[in-house]
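Two complexes are shown next, each including chain A; its partner changes from chain B in the first to chain C in the second.
The block that comes next holds the complex of A and B.
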(Lines of atoms letter the chains of each structure in order from A and count residues from 1; the text may use other names and numbers.)
(Lines give C-alpha, C1' and ligand atoms only; values in the text may rest on other atoms or scores of the structure.)
Protein backbone atom coordinates (compact mmCIF):
# COMPACT_ATOMS: atom_id res chain seq x y z
CA UNK A 1 0.00 0.00 0.00
CA UNK A 2 1.39 3.40 -1.03
CA UNK A 3 1.62 5.78 1.91
CA UNK A 4 1.03 9.46 1.38
CA UNK A 5 1.88 12.53 3.37
CA UNK A 6 -1.74 12.77 4.52
CA UNK A 7 -1.91 9.37 6.20
CA UNK A 8 -0.85 10.97 9.47
CA UNK A 9 -4.16 12.90 9.50
CA UNK A 10 -6.38 9.86 9.06
CA UNK A 11 -8.51 8.92 12.08
CA UNK A 12 -6.83 5.94 13.75
CA UNK A 13 -8.64 2.61 13.73
CA UNK A 14 -7.70 -0.95 14.58
CA UNK A 15 -9.52 -3.78 12.81
CA UNK A 16 -12.37 -1.39 12.06
CA UNK A 17 -12.65 -0.13 15.64
CA UNK A 18 -12.14 3.64 15.82
CA UNK A 19 -9.43 4.62 18.28
CA UNK A 20 -10.35 8.29 18.46
CA UNK A 21 -11.64 7.89 22.02
CA UNK A 22 -8.27 6.49 23.04
CA UNK A 23 -6.55 9.48 21.43
CA UNK A 24 -8.68 11.82 23.57
CA UNK A 25 -8.25 9.92 26.83
CA UNK A 26 -4.48 9.48 26.64
CA UNK A 27 -3.56 13.06 27.70
CA UNK A 28 -5.78 12.71 30.78
CA UNK A 29 -3.74 9.71 31.89
CA UNK A 30 -0.56 11.76 31.85
CA UNK A 31 -1.76 14.39 34.33
CA UNK A 32 -1.27 13.51 38.01
CA UNK A 33 -4.47 13.55 40.04
CA UNK A 34 -4.48 15.70 43.19
CA UNK A 35 -3.25 13.85 46.26
CA UNK A 36 -4.94 14.12 49.70
CA UNK A 37 -1.85 15.80 51.13
CA UNK A 38 -1.25 19.37 52.15
CA UNK A 39 2.25 19.47 50.66
CA UNK A 40 2.32 17.63 47.36
CA UNK A 41 5.22 16.51 45.23
CA UNK A 42 6.98 18.70 42.69
CA UNK A 43 4.96 17.61 39.67
CA UNK A 44 1.62 18.15 41.34
CA UNK A 45 2.77 21.51 42.74
CA UNK A 46 3.90 22.58 39.30
CA UNK A 47 0.60 21.50 37.75
CA UNK A 48 -1.40 23.32 40.43
CA UNK A 49 0.71 26.46 40.08
CA UNK A 50 0.31 26.46 36.29
CA UNK A 51 -3.46 25.96 36.41
CA UNK A 52 -3.96 28.64 39.08
CA UNK A 53 -1.71 31.15 37.35
CA UNK A 54 -3.21 30.56 33.94
CA UNK A 55 -6.81 30.76 35.16
CA UNK A 56 -6.23 33.93 37.17
CA UNK A 57 -4.52 35.65 34.23
CA UNK A 58 -7.18 34.54 31.78
CA UNK A 59 -10.11 35.68 33.91
CA UNK A 60 -8.55 38.98 35.02
CA UNK A 61 -10.54 41.14 32.57
CA UNK A 62 -13.72 39.06 32.82
CA UNK A 63 -16.52 40.16 35.15
CA UNK A 64 -17.50 38.02 38.12
CA UNK A 65 -20.41 36.45 36.23
CA UNK A 66 -17.96 34.95 33.76
CA UNK A 67 -15.83 33.30 36.43
CA UNK A 68 -18.14 30.28 36.23
CA UNK A 69 -16.28 29.50 33.01
CA UNK A 70 -12.96 29.10 34.84
CA UNK A 71 -13.18 25.31 35.00
CA UNK A 72 -14.14 24.75 31.39
CA UNK A 73 -11.57 27.21 30.03
CA UNK A 74 -8.74 25.80 32.14
CA UNK A 75 -9.71 22.23 31.18
CA UNK A 76 -9.90 23.21 27.52
CA UNK A 77 -6.46 24.77 27.68
CA UNK A 78 -4.90 21.67 29.25
CA UNK A 79 -6.74 19.43 26.78
CA UNK A 80 -5.59 21.35 23.72
CA UNK A 81 -2.03 21.91 24.86
CA UNK A 82 -1.56 18.25 25.71
CA UNK A 83 -3.10 17.04 22.45
CA UNK A 84 -0.96 19.45 20.45
CA UNK A 85 2.26 18.63 22.25
CA UNK A 86 1.73 14.85 22.17
CA UNK A 87 1.02 15.10 18.45
CA UNK A 88 4.55 16.35 17.88
CA UNK A 89 5.94 12.95 18.80
CA UNK A 90 6.77 10.80 15.77
CA UNK A 91 4.10 8.43 14.49
CA UNK A 92 1.41 9.86 16.77
CA UNK A 93 -2.01 11.05 15.73
CA UNK A 94 -3.00 14.64 16.51
CA UNK A 95 -6.75 14.92 17.09
CA UNK A 96 -6.64 18.70 16.77
CA UNK A 97 -5.78 18.36 13.07
CA UNK A 98 -9.37 17.22 12.59
CA UNK A 99 -11.67 20.11 11.70
CA UNK A 100 -14.60 18.19 13.14
CA UNK A 101 -13.05 18.18 16.61
CA UNK A 102 -12.08 21.84 16.53
CA UNK A 103 -15.46 22.95 15.23
CA UNK A 104 -17.07 20.70 17.84
CA UNK A 105 -15.22 22.66 20.50
CA UNK A 106 -15.51 26.13 18.94
CA UNK A 107 -19.17 26.29 17.90
CA UNK A 108 -20.86 25.25 21.18
CA UNK A 109 -18.59 27.39 23.33
CA UNK A 110 -18.98 30.45 21.08
CA UNK A 111 -22.75 29.90 20.92
CA UNK A 112 -22.78 29.63 24.71
CA UNK A 113 -21.18 33.05 25.05
CA UNK A 114 -23.62 34.60 22.56
CA UNK A 115 -26.70 33.10 24.23
CA UNK A 116 -25.47 34.18 27.67
CA UNK A 117 -25.08 37.72 26.36
CA UNK A 118 -28.53 37.75 24.75
CA UNK A 119 -30.14 36.24 27.83
CA UNK A 120 -28.53 38.35 30.57
CA UNK A 121 -27.83 41.68 28.88
CA UNK A 122 -29.60 41.80 25.49
CA UNK A 123 -29.15 45.56 25.06
CA UNK A 124 -25.39 45.41 25.47
CA UNK A 125 -25.13 42.24 23.37
CA UNK A 126 -27.06 43.82 20.49
CA UNK A 127 -25.22 47.12 20.98
CA UNK A 128 -21.93 45.38 20.26
CA UNK A 129 -23.06 44.97 16.67
CA UNK A 130 -22.78 48.74 16.12
CA UNK A 131 -19.47 50.41 17.03
CA UNK A 132 -19.83 53.55 19.12
CA UNK A 133 -19.64 56.80 17.19
CA UNK A 134 -20.47 55.36 13.77
CA UNK A 135 -21.67 57.99 11.27
CA UNK A 136 -25.33 57.56 10.31
CA UNK A 137 -24.84 56.65 6.59
CA UNK A 138 -22.50 53.80 7.56
CA UNK A 139 -24.75 52.27 10.21
CA UNK A 140 -26.65 49.63 8.12
CA UNK A 141 -23.47 48.50 6.35
CA UNK A 142 -21.53 48.24 9.58
CA UNK A 143 -24.29 46.29 11.33
CA UNK A 144 -24.28 43.75 8.51
CA UNK A 145 -20.48 43.58 8.58
CA UNK A 146 -20.40 43.11 12.37
CA UNK A 147 -23.08 40.39 12.13
CA UNK A 148 -21.04 38.55 9.53
CA UNK A 149 -17.91 38.88 11.69
CA UNK A 150 -19.87 37.54 14.66
CA UNK A 151 -20.87 34.39 12.76
CA UNK A 152 -17.42 33.93 11.31
CA UNK A 153 -15.87 33.73 14.79
CA UNK A 154 -16.46 30.00 15.45
CA UNK A 155 -15.34 29.18 11.92
CA UNK A 156 -12.14 31.15 12.42
CA UNK A 157 -11.53 29.55 15.81
CA UNK A 158 -11.80 26.04 14.47
CA UNK A 159 -10.03 26.55 11.17
CA UNK A 160 -7.17 28.50 12.79
CA UNK A 161 -6.27 25.60 15.06
CA UNK A 162 -6.75 22.99 12.33
CA UNK A 163 -4.76 24.85 9.70
CA UNK A 164 -1.85 25.73 11.98
CA UNK A 165 -1.38 22.20 13.20
CA UNK A 166 -1.99 20.51 9.87
CA UNK A 167 0.40 22.84 8.05
CA UNK A 168 3.08 22.39 10.72
CA UNK A 169 2.88 18.60 10.69
CA UNK A 170 2.89 18.47 6.92
CA UNK A 171 5.89 20.78 6.70
CA UNK A 172 7.82 18.71 9.23
CA UNK A 173 7.11 15.53 7.32
CA UNK A 174 8.11 17.10 4.00
CA UNK A 175 11.40 18.45 5.31
CA UNK A 176 12.17 15.22 7.15
CA UNK A 177 11.53 13.26 3.96
CA UNK A 178 13.75 15.64 2.02
CA UNK A 179 16.58 15.29 4.58
CA UNK A 180 16.25 11.49 4.53
CA UNK A 181 16.26 11.26 0.72
CA UNK A 182 19.15 13.69 0.34
CA UNK A 183 21.41 12.00 2.89
CA UNK A 184 23.06 9.46 0.50
CA UNK A 185 23.04 11.90 -2.41
CA UNK A 186 24.14 15.27 -0.97
CA UNK A 187 25.13 14.89 2.71
CA UNK A 188 25.94 18.58 3.16
CA UNK A 189 22.51 19.65 1.91
CA UNK A 190 20.92 16.92 4.04
CA UNK A 191 22.65 18.30 7.14
CA UNK A 192 21.40 21.81 6.32
CA UNK A 193 17.90 20.40 5.84
CA UNK A 194 18.17 18.63 9.19
CA UNK A 195 19.14 21.90 10.88
CA UNK A 196 16.07 23.51 9.28
CA UNK A 197 13.99 20.58 10.53
CA UNK A 198 15.29 21.10 14.06
CA UNK A 199 14.40 24.80 13.97
CA UNK A 200 10.99 23.96 12.54
CA UNK A 201 10.37 21.45 15.31
CA UNK A 202 11.17 24.10 17.92
CA UNK A 203 8.77 26.43 16.11
CA UNK A 204 6.08 23.76 16.08
CA UNK A 205 6.45 23.27 19.82
CA UNK A 206 5.84 26.99 20.26
CA UNK A 207 2.94 26.95 17.78
CA UNK A 208 1.34 24.02 19.60
CA UNK A 209 1.32 25.93 22.89
CA UNK A 210 0.42 29.29 21.38
CA UNK A 211 -2.49 27.98 19.31
CA UNK A 212 -4.02 26.28 22.34
CA UNK A 213 -3.64 29.52 24.29
CA UNK A 214 -5.09 31.66 21.47
CA UNK A 215 -8.15 29.40 21.20
CA UNK A 216 -8.92 29.74 24.89
CA UNK A 217 -8.00 33.44 25.01
CA UNK A 218 -10.38 34.31 22.18
CA UNK A 219 -13.17 32.40 23.88
CA UNK A 220 -12.51 34.38 27.07
CA UNK A 221 -12.64 37.61 25.05
CA UNK A 222 -15.98 36.62 23.54
CA UNK A 223 -17.19 35.82 27.05
CA UNK A 224 -15.88 39.14 28.33
CA UNK A 225 -18.07 41.17 26.03
CA UNK A 226 -21.18 39.12 26.84
CA UNK A 227 -20.91 39.02 30.63
CA UNK B 1 -1.89 38.10 45.47
CA UNK B 2 -3.54 41.52 45.05
CA UNK B 3 -4.84 42.09 41.53
CA UNK B 4 -5.34 45.39 39.80
CA UNK B 5 -8.95 46.56 39.45
CA UNK B 6 -7.99 48.28 36.15
CA UNK B 7 -8.86 46.34 33.05
CA UNK B 8 -5.81 46.69 30.90
CA UNK B 9 -6.95 44.61 27.97
CA UNK B 10 -8.37 46.44 25.02
CA UNK B 11 -11.36 44.51 23.64
CA UNK B 12 -10.19 43.34 20.28
CA UNK B 13 -13.67 42.52 19.13
CA UNK B 14 -14.99 46.08 18.86
CA UNK B 15 -13.34 49.15 17.39
CA UNK B 16 -15.94 51.53 18.81
CA UNK B 17 -13.61 52.68 21.58
CA UNK B 18 -10.85 53.43 19.06
CA UNK B 19 -13.28 55.32 16.79
CA UNK B 20 -14.44 57.47 19.73
CA UNK B 21 -10.85 58.22 20.81
CA UNK B 22 -9.73 59.13 17.27
CA UNK B 23 -12.69 61.47 16.83
CA UNK B 24 -11.97 63.11 20.18
CA UNK B 25 -8.23 63.61 19.69
CA UNK B 26 -7.97 64.36 15.96
CA UNK B 27 -11.18 66.27 15.32
CA UNK B 28 -12.29 67.37 18.77
CA UNK B 29 -15.69 65.66 18.38
CA UNK B 30 -17.03 64.72 21.79
CA UNK B 31 -19.79 62.12 22.16
CA UNK B 32 -22.90 63.99 23.29
CA UNK B 33 -24.44 62.99 26.59
CA UNK B 34 -27.84 61.34 26.37
CA UNK B 35 -29.47 64.38 28.02
CA UNK B 36 -28.85 66.42 24.88
CA UNK B 37 -30.73 64.02 22.61
CA UNK B 38 -34.25 65.02 21.60
CA UNK B 39 -36.84 63.56 19.30
CA UNK B 40 -36.03 60.40 17.37
CA UNK B 41 -32.33 60.86 18.18
CA UNK B 42 -33.14 59.92 21.75
CA UNK B 43 -34.02 56.41 20.59
CA UNK B 44 -31.76 56.04 17.56
CA UNK B 45 -28.14 57.15 18.03
CA UNK B 46 -24.77 55.48 17.85
CA UNK B 47 -23.56 56.48 21.33
CA UNK B 48 -25.96 55.13 23.94
CA UNK B 49 -26.44 51.34 24.31
CA UNK B 50 -30.20 51.72 23.82
CA UNK B 51 -29.70 53.80 20.66
CA UNK B 52 -27.33 51.24 19.20
CA UNK B 53 -29.64 48.39 20.10
CA UNK B 54 -32.57 50.12 18.39
CA UNK B 55 -30.52 50.73 15.25
CA UNK B 56 -29.54 47.04 15.15
CA UNK B 57 -33.13 45.87 15.68
CA UNK B 58 -34.41 48.30 13.04
CA UNK B 59 -31.81 47.08 10.51
CA UNK B 60 -32.66 43.44 11.18
CA UNK B 61 -36.39 44.21 10.97
CA UNK B 62 -35.99 45.96 7.60
CA UNK B 63 -33.92 43.04 6.25
CA UNK B 64 -36.44 40.45 7.44
CA UNK B 65 -39.37 42.49 6.06
CA UNK B 66 -37.61 42.87 2.69
CA UNK B 67 -36.90 39.15 2.53
CA UNK B 68 -40.52 38.31 3.44
CA UNK B 69 -41.92 40.68 0.78
CA UNK B 70 -39.55 39.24 -1.80
CA UNK B 71 -40.54 35.64 -1.00
CA UNK B 72 -44.28 36.41 -1.02
CA UNK B 73 -43.90 38.25 -4.34
CA UNK B 74 -41.99 35.31 -5.83
CA UNK B 75 -44.61 32.83 -4.62
CA UNK B 76 -47.44 34.93 -6.10
CA UNK B 77 -45.60 35.16 -9.40
CA UNK B 78 -45.10 31.36 -9.48
CA UNK B 79 -48.79 30.82 -8.73
CA UNK B 80 -49.73 33.20 -11.55
CA UNK B 81 -47.44 31.35 -13.97
CA UNK B 82 -48.84 27.91 -13.02
CA UNK B 83 -52.46 29.12 -13.16
CA UNK B 84 -51.96 30.74 -16.61
CA UNK B 85 -50.29 27.59 -17.98
CA UNK B 86 -53.18 25.33 -16.89
CA UNK B 87 -55.83 27.53 -18.61
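The block that comes next holds the complex of A and C.
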Protein backbone atom coordinates (compact mmCIF):
# COMPACT_ATOMS: atom_id res chain seq x y z
CA UNK A 1 0.00 0.00 0.00
CA UNK A 2 1.42 3.37 -1.02
CA UNK A 3 1.92 5.76 1.84
CA UNK A 4 0.50 9.12 0.94
CA UNK A 5 0.81 12.53 2.50
CA UNK A 6 -2.77 12.21 3.68
CA UNK A 7 -1.77 9.51 6.14
CA UNK A 8 -0.96 12.13 8.74
CA UNK A 9 -4.70 12.75 9.10
CA UNK A 10 -5.64 9.17 9.94
CA UNK A 11 -6.62 8.48 13.53
CA UNK A 12 -3.34 7.56 15.18
CA UNK A 13 -3.21 4.61 17.51
CA UNK A 14 -0.37 3.08 19.49
CA UNK A 15 -0.68 -0.53 20.66
CA UNK A 16 -4.41 -0.35 20.11
CA UNK A 17 -4.86 2.83 22.16
CA UNK A 18 -6.43 5.60 20.11
CA UNK A 19 -4.07 8.53 20.48
CA UNK A 20 -6.91 10.83 19.50
CA UNK A 21 -8.01 10.55 23.12
CA UNK A 22 -4.67 11.96 24.28
CA UNK A 23 -4.85 14.74 21.70
CA UNK A 24 -8.24 15.71 23.10
CA UNK A 25 -7.58 15.41 26.78
CA UNK A 26 -4.01 16.62 27.35
CA UNK A 27 -4.24 20.26 26.08
CA UNK A 28 -6.39 21.26 29.06
CA UNK A 29 -3.46 20.65 31.40
CA UNK A 30 -2.16 23.96 30.06
CA UNK A 31 -5.16 25.75 31.53
CA UNK A 32 -5.06 25.39 35.31
CA UNK A 33 -8.24 26.11 37.23
CA UNK A 34 -8.06 29.41 39.06
CA UNK A 35 -7.73 29.20 42.83
CA UNK A 36 -10.20 31.26 44.87
CA UNK A 37 -7.81 34.13 45.45
CA UNK A 38 -7.79 37.71 44.27
CA UNK A 39 -4.26 37.69 42.92
CA UNK A 40 -3.23 34.67 40.87
CA UNK A 41 -0.05 33.82 39.05
CA UNK A 42 1.02 35.14 35.64
CA UNK A 43 -0.39 32.26 33.60
CA UNK A 44 -3.84 32.39 35.14
CA UNK A 45 -3.95 36.17 34.96
CA UNK A 46 -3.05 36.18 31.28
CA UNK A 47 -5.59 33.49 30.48
CA UNK A 48 -8.21 35.33 32.47
CA UNK A 49 -7.46 38.59 30.66
CA UNK A 50 -7.67 36.83 27.32
CA UNK A 51 -11.02 35.22 28.12
CA UNK A 52 -12.46 38.41 29.57
CA UNK A 53 -11.29 40.77 26.80
CA UNK A 54 -12.16 38.31 24.05
CA UNK A 55 -15.67 37.74 25.36
CA UNK A 56 -16.40 41.42 25.82
CA UNK A 57 -15.13 42.29 22.33
CA UNK A 58 -17.01 39.40 20.74
CA UNK A 59 -20.31 40.28 22.36
CA UNK A 60 -20.15 44.02 21.65
CA UNK A 61 -22.37 43.90 18.54
CA UNK A 62 -24.73 41.27 19.95
CA UNK A 63 -28.00 42.27 21.62
CA UNK A 64 -28.50 41.45 25.29
CA UNK A 65 -30.52 38.32 24.51
CA UNK A 66 -27.47 36.77 22.88
CA UNK A 67 -25.23 37.32 25.90
CA UNK A 68 -26.29 33.92 27.21
CA UNK A 69 -23.98 32.53 24.55
CA UNK A 70 -20.91 34.18 26.12
CA UNK A 71 -19.71 31.05 27.92
CA UNK A 72 -20.12 28.68 25.02
CA UNK A 73 -18.47 31.02 22.53
CA UNK A 74 -15.53 31.79 24.82
CA UNK A 75 -14.93 28.14 25.64
CA UNK A 76 -15.26 27.25 21.95
CA UNK A 77 -12.56 29.81 21.14
CA UNK A 78 -10.29 28.33 23.80
CA UNK A 79 -10.99 24.81 22.52
CA UNK A 80 -10.23 25.61 18.90
CA UNK A 81 -7.23 27.83 19.42
CA UNK A 82 -5.48 25.33 21.70
CA UNK A 83 -6.14 22.38 19.41
CA UNK A 84 -4.96 24.34 16.38
CA UNK A 85 -1.81 25.74 17.97
CA UNK A 86 -0.74 22.48 19.61
CA UNK A 87 -1.20 20.69 16.30
CA UNK A 88 1.64 22.73 14.86
CA UNK A 89 4.19 21.01 17.08
CA UNK A 90 6.01 18.10 15.44
CA UNK A 91 4.47 14.67 15.86
CA UNK A 92 1.22 15.98 17.30
CA UNK A 93 -2.20 15.24 15.92
CA UNK A 94 -4.58 18.07 15.14
CA UNK A 95 -8.15 16.99 15.86
CA UNK A 96 -9.52 20.01 14.01
CA UNK A 97 -8.35 18.55 10.71
CA UNK A 98 -11.12 16.01 11.11
CA UNK A 99 -14.28 16.94 9.26
CA UNK A 100 -16.36 15.06 11.83
CA UNK A 101 -15.24 17.35 14.65
CA UNK A 102 -15.71 20.59 12.73
CA UNK A 103 -19.07 19.68 11.27
CA UNK A 104 -20.09 18.32 14.65
CA UNK A 105 -19.38 21.73 16.15
CA UNK A 106 -20.64 23.89 13.27
CA UNK A 107 -24.00 22.28 12.52
CA UNK A 108 -25.50 22.16 16.05
CA UNK A 109 -24.33 25.65 16.96
CA UNK A 110 -25.55 27.18 13.69
CA UNK A 111 -28.84 25.31 14.03
CA UNK A 112 -29.12 26.70 17.55
CA UNK A 113 -28.86 30.26 16.29
CA UNK A 114 -31.44 29.63 13.55
CA UNK A 115 -33.93 27.97 15.89
CA UNK A 116 -33.56 30.76 18.44
CA UNK A 117 -34.32 33.27 15.71
CA UNK A 118 -37.31 31.33 14.42
CA UNK A 119 -38.70 30.81 17.89
CA UNK A 120 -38.31 34.27 19.40
CA UNK A 121 -38.68 36.54 16.40
CA UNK A 122 -39.95 34.47 13.46
CA UNK A 123 -40.87 37.46 11.28
CA UNK A 124 -37.48 39.08 11.60
CA UNK A 125 -35.67 35.77 11.11
CA UNK A 126 -37.60 35.02 7.92
CA UNK A 127 -37.19 38.64 6.87
CA UNK A 128 -33.44 38.08 6.57
CA UNK A 129 -34.20 36.00 3.50
CA UNK A 130 -35.08 39.11 1.49
CA UNK A 131 -32.70 42.08 1.47
CA UNK A 132 -34.28 45.51 1.64
CA UNK A 133 -34.82 47.38 -1.57
CA UNK A 134 -34.98 44.36 -3.86
CA UNK A 135 -36.72 45.05 -7.17
CA UNK A 136 -40.08 43.19 -7.21
CA UNK A 137 -39.40 40.83 -10.14
CA UNK A 138 -36.24 39.56 -8.43
CA UNK A 139 -37.96 38.63 -5.16
CA UNK A 140 -38.59 34.88 -5.75
CA UNK A 141 -35.10 34.27 -7.08
CA UNK A 142 -33.49 36.16 -4.26
CA UNK A 143 -35.44 34.26 -1.60
CA UNK A 144 -34.21 31.01 -3.10
CA UNK A 145 -30.66 32.32 -3.20
CA UNK A 146 -30.78 33.56 0.39
CA UNK A 147 -32.22 30.24 1.61
CA UNK A 148 -29.44 28.36 -0.12
CA UNK A 149 -26.85 30.68 1.41
CA UNK A 150 -28.43 30.15 4.82
CA UNK A 151 -28.13 26.38 4.55
CA UNK A 152 -24.62 26.53 3.20
CA UNK A 153 -23.43 28.38 6.33
CA UNK A 154 -22.81 25.33 8.58
CA UNK A 155 -21.15 23.50 5.71
CA UNK A 156 -18.88 26.45 5.00
CA UNK A 157 -18.11 26.89 8.69
CA UNK A 158 -17.01 23.31 9.17
CA UNK A 159 -15.23 22.85 5.88
CA UNK A 160 -13.40 26.20 6.15
CA UNK A 161 -11.70 25.15 9.36
CA UNK A 162 -10.97 21.63 8.14
CA UNK A 163 -9.63 22.72 4.77
CA UNK A 164 -7.43 25.49 6.12
CA UNK A 165 -5.77 23.32 8.69
CA UNK A 166 -5.48 20.27 6.46
CA UNK A 167 -3.96 22.31 3.64
CA UNK A 168 -1.50 23.94 5.99
CA UNK A 169 -0.32 20.67 7.50
CA UNK A 170 -0.09 19.06 4.08
CA UNK A 171 2.00 21.93 2.71
CA UNK A 172 4.34 21.78 5.68
CA UNK A 173 4.85 18.07 5.25
CA UNK A 174 5.43 18.42 1.49
CA UNK A 175 7.97 21.22 1.82
CA UNK A 176 9.75 19.51 4.70
CA UNK A 177 10.02 16.31 2.69
CA UNK A 178 11.33 18.29 -0.27
CA UNK A 179 13.97 20.01 1.85
CA UNK A 180 15.03 16.72 3.37
CA UNK A 181 15.26 14.89 0.05
CA UNK A 182 17.14 17.74 -1.63
CA UNK A 183 19.78 18.01 1.10
CA UNK A 184 22.30 15.51 -0.33
CA UNK A 185 21.52 16.49 -3.93
CA UNK A 186 21.34 20.29 -4.05
CA UNK A 187 22.16 21.74 -0.61
CA UNK A 188 21.63 25.36 -1.65
CA UNK A 189 18.12 24.61 -2.89
CA UNK A 190 17.51 22.63 0.28
CA UNK A 191 18.44 25.63 2.39
CA UNK A 192 16.08 27.85 0.38
CA UNK A 193 13.35 25.29 0.87
CA UNK A 194 14.02 25.30 4.61
CA UNK A 195 13.63 29.07 4.66
CA UNK A 196 10.31 28.68 2.85
CA UNK A 197 9.33 26.09 5.45
CA UNK A 198 10.14 28.53 8.24
CA UNK A 199 8.00 31.23 6.67
CA UNK A 200 5.21 28.75 6.09
CA UNK A 201 5.32 27.70 9.73
CA UNK A 202 4.93 31.32 10.80
CA UNK A 203 1.95 31.58 8.43
CA UNK A 204 0.47 28.43 9.90
CA UNK A 205 0.68 29.84 13.41
CA UNK A 206 -1.27 32.86 12.21
CA UNK A 207 -3.76 30.70 10.32
CA UNK A 208 -4.31 28.51 13.37
CA UNK A 209 -5.31 31.50 15.47
CA UNK A 210 -7.25 33.27 12.74
CA UNK A 211 -9.32 30.25 11.75
CA UNK A 212 -10.35 29.58 15.33
CA UNK A 213 -11.33 33.24 15.68
CA UNK A 214 -13.24 33.29 12.39
CA UNK A 215 -15.25 30.24 13.40
CA UNK A 216 -16.37 31.82 16.63
CA UNK A 217 -16.86 35.25 15.07
CA UNK A 218 -19.15 33.92 12.36
CA UNK A 219 -21.20 32.07 14.93
CA UNK A 220 -21.58 35.30 16.89
CA UNK A 221 -22.63 37.02 13.66
CA UNK A 222 -25.29 34.39 13.01
CA UNK A 223 -26.41 34.89 16.59
CA UNK A 224 -26.56 38.66 16.08
CA UNK A 225 -28.98 38.25 13.22
CA UNK A 226 -31.31 36.04 15.18
CA UNK A 227 -31.41 37.66 18.60
CA UNK B 1 -8.78 11.10 2.18
CA UNK B 2 -8.71 9.70 5.70
CA UNK B 3 -11.02 12.38 7.03
CA UNK B 4 -13.80 10.82 4.97
CA UNK B 5 -13.24 7.41 6.52
CA UNK B 6 -16.53 6.60 8.25
CA UNK B 7 -15.19 4.43 11.05
CA UNK B 8 -13.96 6.91 13.66
CA UNK B 9 -16.37 9.59 12.42
CA UNK B 10 -18.97 9.30 15.07
CA UNK B 11 -16.63 8.53 17.93
CA UNK B 12 -14.56 11.64 17.14
CA UNK B 13 -17.70 13.76 17.06
CA UNK B 14 -18.99 12.32 20.31
CA UNK B 15 -15.68 12.44 22.11
CA UNK B 16 -14.94 16.00 21.05
CA UNK B 17 -18.33 17.25 22.30
CA UNK B 18 -17.84 15.29 25.50
CA UNK B 19 -14.42 16.81 26.13
CA UNK B 20 -15.76 20.25 25.23
CA UNK B 21 -18.72 20.09 27.59
CA UNK B 22 -17.08 18.26 30.49
CA UNK B 23 -13.64 19.87 30.54
CA UNK B 24 -13.42 23.08 28.54
CA UNK B 25 -16.66 24.79 29.56
CA UNK B 26 -16.13 24.31 33.34
CA UNK B 27 -12.53 25.52 33.01
CA UNK B 28 -13.69 28.67 31.28
CA UNK B 29 -16.44 29.13 33.83
CA UNK B 30 -13.96 29.01 36.71
CA UNK B 31 -12.35 32.24 35.60
CA UNK B 32 -14.22 34.88 37.56
CA UNK B 33 -13.67 38.59 37.21
CA UNK B 34 -14.34 40.35 40.51
CA UNK B 35 -13.76 43.99 39.55
CA UNK B 36 -16.50 46.09 38.00
CA UNK B 37 -15.14 48.62 35.49
CA UNK B 38 -14.86 52.01 37.19
CA UNK B 39 -15.31 55.33 35.40
CA UNK B 40 -12.01 57.08 34.86
CA UNK B 41 -11.08 59.84 37.26
CA UNK B 42 -8.93 62.81 36.32
CA UNK B 43 -6.12 61.92 38.69
CA UNK B 44 -4.19 58.71 38.25
CA UNK B 45 -4.46 56.61 41.42
CA UNK B 46 -1.34 56.07 43.47
CA UNK B 47 -0.30 52.47 43.11
CA UNK B 48 2.38 50.48 44.86
CA UNK B 49 4.26 47.81 42.94
CA UNK B 50 3.52 44.23 43.90
CA UNK B 51 5.41 41.02 43.17
CA UNK B 52 3.80 38.10 41.38
CA UNK B 53 3.03 35.06 43.51
CA UNK B 54 4.71 32.67 41.14
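In the analysis below, the second predicted complex is superposed on the first by the 219 of 227 C-alpha atoms of A that agree within 3 Å, B and C clash if a C-alpha of one lies under 4 Å from a C-alpha of the other, contacts with A are read in each partner's own complex, and residues count from 1 in each chain.
What we mean here is this: contacts are C-beta pairs under 8 Å (C-beta built on N, C-alpha and C of every residue); 3 or more make two chains touch, one makes a residue touch a chain.
Since the structure is predicted, the reported quantities are computational estimates derived from the model, not experimental observations.
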Touched partner set for A:46, first chain B, second chain C, both or neither: neither
Partner chain in contact with A:61 - chain B first, chain C second, else both or neither: first
Which of chain B and chain C A:174 touches, first, second, both or neither: neither
Contacts of A:6 with chain B and chain C, given as first, second, both or neither: second
First, second, both or neither for A:126, with chain B first and chain C second: first
Chain A residues touched - chain C or chain B, whichever exceeds: C
Partner chain(s) touched by A:19 [first = chain B, second = chain C, both, neither]: neither
Partner chain in contact with A:145 - chain B first, chain C second, else both or neither: neither
Residues on chain A engaged by chain C in the complex (per definition of touch): 6-7, 9-11, 18, 20-21, 24-25, 28, 31, 33-34, 38-42, 44, 47-48, 51-52, 71-72, 74-76, 78-79, 95, 97-101, 103-105, 162, 166
Touch list for chain A against partner chain B, complex: 56, 60-61, 122-124, 126-136, 139-140, 143-144, 221-222, 224-225
In the complex, chain C residues that touch chain A: 1-5, 8-10, 12-13, 15-17, 19-20, 23-25, 27-34, 50, 52-54
Footprint of chain A on chain B - complex, ascending: 1, 3, 7-9, 11-17, 19-20, 23, 31, 46-47, 49-50, 52-53, 55-57, 59-60, 62
